[in-house]
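Shared between the two complexes below is chain A, which pairs with chain B and chain C, respectively.
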Partner chain A sequence: MRTSAKLAFIGDPNAGKSTCIAAISDIPPVVTDVGCTDDLADVKQTTTAALDYGEVGLGEQGRLLLYGLPCQARFRFMFDVIREGLLGIVLLVDASAPHGLRGLEETLETYVRELREFPFVLAPNKSPGADDALKSRCLDLLRGHRLVAPICTVDARRKADIVRLAELIFLMLDLGGRAPASGDLVWA
Partner chain B sequence: MGLITREQESCTQELRRLVGKGGYAGAMLTLRDGRPFAQEVRRDVDSGKFAAMSSSLVALGDTVLRELSAGALDHVLVDGAGGKLVITKAPDCSGMLILAVLTLGDMRLGLALGQVEACAVLISDILRPRLAANRD
Partner chain C sequence: MLDLLNEVGEETSAATEAMPPVEPSSAGERQRLRHWPLGFESWPAAWIRVLAALSGSALDARELAERCDIAPAEVSRCLNALRALDALDRPEAARPAPAADSGWRLIFHLVGRKLGFRT
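Up next is the complex of A and B:
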């Protein structure tokens, strides 16, 4: 029986990584926030300097460990800290960002190798509407990096939305023949 | 944050003095969100990564101590076969600056801790007036 598996949340500043973890974690999330000292301070007061951490019970299948990684490329090394036992990645996008999808482009450039290695779901958050156009632009960016993934608009505050993302990754693992040794993972 | 080159140069001089004492491979002063502020590194090191890793270790240290109700962080020590990494915050600077120092393999821990702490105080003396002025 698998005792624990990991899910990573990455994405641009303010994309909703910490909010996702808080929405589904069984425990109060552990955070490593520090005050911003650069232009990001115009958008938000704090940023993650190491990782956010949460946990979800999956019944007899063990626990799903949730890791939110810093948005800045300089912290990319944190991915290697959590790589062992990682099932998949939730790639969040701030769909309301004034600079459009530039944040997604930067995230793709930083994590393209990891996104080719692990199943992932692209999840635009805070979408103001017009989902089809947004998804189309996201798809173009993915194609530009030779990546393929489901695109699933979410409200990061809604547990049901985040559970759906996790279930999608479980399904991809199952269909891709990379299911964990315990068999199909399901949300308990 | 308004910290200008003059303070960065003064801090770099303090780092240079510390590393010049012998037994050190390098010293990095980083902002709390992982951006380099001043450095004196005598080894082929990616300074951006060094700064970011130091910031992450302090953030993790703060978090672990908070979760364990073990008080405020004094320093982080990563003790390796080829050197020791000592990381501490510049005192009385609102946690804004982090000093990370990498020793050579044969450096005595007590000596390193004392010298790094003294350097952090000197750096704080340089930066405190500017930080206070920015707050006012």
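Up next is the complex of A and C:
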């Protein structure tokens, strides 16, 4: 039997979802970027319009599937598409965004229920410096929503950084009594 | 590199030795994490296991030592550090979550080996 467990990467536009997946995926990531046609065009040329996808092979036993999801409320339905077999969430933040942490606020508003249900790590990416102040503001936002999660600044291009995020999620699952039962994993 | 490791070891040792032993009145009480300390990434690996355990379960010191497979004295040091940061809650009527099953353990092992988990 083979199992397909999943990790989700959720974040505001330009937060680094596709880059994270590319950092650890065994296959070339499937990206769904399209050209920006709204105000976002001032920030970046393309943005994720659907699910990004990558995977980590686990030999005969299965795969760890990696999904990137946009943070906007209008894409919220995508979460239900990947919910079965989901282990945890990496919540990415574009720390260099001109609008500060507004993207994180939007993501927390959209996904607060899911973030209480699944273990997650908050990962500010592209931090311009002053990490302590940035993490402190992120912590205030988490506590405002009564959410508990580790906050780790990352460079989404670095495999070691993304592995560390995955490791924290797996530790929370394993030691925090939140590991899925075998029957809740997707077996094929 | 050796100097750096020695330096980190000395810092951690000094920080943990300066902390008082766990209070007897709170040793048997189940607690859970209110928030992850912002500087947790420089904490010892054993303490990060305690943080991970307390992020999803309310556990007392003995349960933590068993679940995390670390010495009770180390658990006490970590709990004291968390208390100093006001990072613990004492939830009412808390029950520890069940241990992970073998199917999950296999996934953890496979992913950890493939990606190279350290903790």
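The rule we apply is simple: the second predicted complex is superposed on the first by the 173 of 188 C-alpha atoms of A that agree within 3 Å, B and C clash if a C-alpha of one lies under 4 Å from a C-alpha of the other, contacts with A are read in each partner's own complex, and residues count from 1 in each chain.
Heads up, the rule we're going with is that contacts are C-beta pairs under 8 Å (C-beta built on N, C-alpha and C of every residue); 3 or more make two chains touch, one makes a residue touch a chain.
Not measured: the values here are computed from a predicted model.
J.: Following superposition onto chain A, is the placement of chain B relative to chain C best described as a clash or a fit?
T.: fit
J.: What is the C-alpha-centre angle with chain A at the apex and chain B, chain C at the ends, nearest 10 degrees?
T.: An angle of 160 degrees, rounded.
J.: Just checking: does A:Gly57 make contact with chain B only, chain C only, both, or neither of them? Give me first, second, both or neither.
T.: In the superposed model, A:Gly57 contacts chain C only, not chain B.
J.: Does the superposition put A:Val30 against chain B (first), chain C (second), both, or neither?
T.: So A:Val30 only meets chain B here.
J.: Between chain B and chain C, which one contacts more residues of chain A in the superposed model?
T.: Between chain B and chain C, the winner on chain A residue contacts is C.
J.: Quick check on the superposed pair: does A:Arg83 touch chain B, chain C, both, or neither? Answer first, second, both or neither.
T.: neither
J.: Quick check on the superposed pair: does A:Thr3 touch chain B, chain C, both, or neither? Answer first, second, both or neither.
T.: So A:Thr3 only meets chain C here.
J.: Tell me the contact category for A:Arg113 with respect to chain B and chain C: first, second, both or neither.
T.: A:Arg113: touches no partner chain.
J.: Just chain B (first), just chain C (second), both, or neither: which does A:Arg102 touch?
T.: neither
J.: Quote the smallest CA-to-CA distance from chain B to chain C in the superposed model, rounded to whole Å.
T.: 26
J.: In their shared complex, at which residues does chain B touch chain A?
T.: Counting only chain B, the residues touching chain A are 1, 31-35, 48-49, 51-53, 55-60, 62-63, 67, 95-96.
J.: If you look only at chain A, which of its residues touch chain C in the complex?
T.: 3, 5, 24, 56-59, 61-62, 64, 119, 132, 135-136, 139, 142-143, 148-152, 163-164, 166-168, 170-182, 185
J.: Within their complex, state which residues of chain C touch chain A.
T.: Result: residues 33-36, 38, 40-41, 48-49, 51-57, 67-68, 96-108, 110-112, 114-119 of chain C touch chain A.
J.: Would you mind writing out the residues of chain A in touch with chain B in their complex?
T.: Against chain B, the touching part of chain A is residues 30-38, 40, 47-51, 70, 72, 74-75, 77-78.
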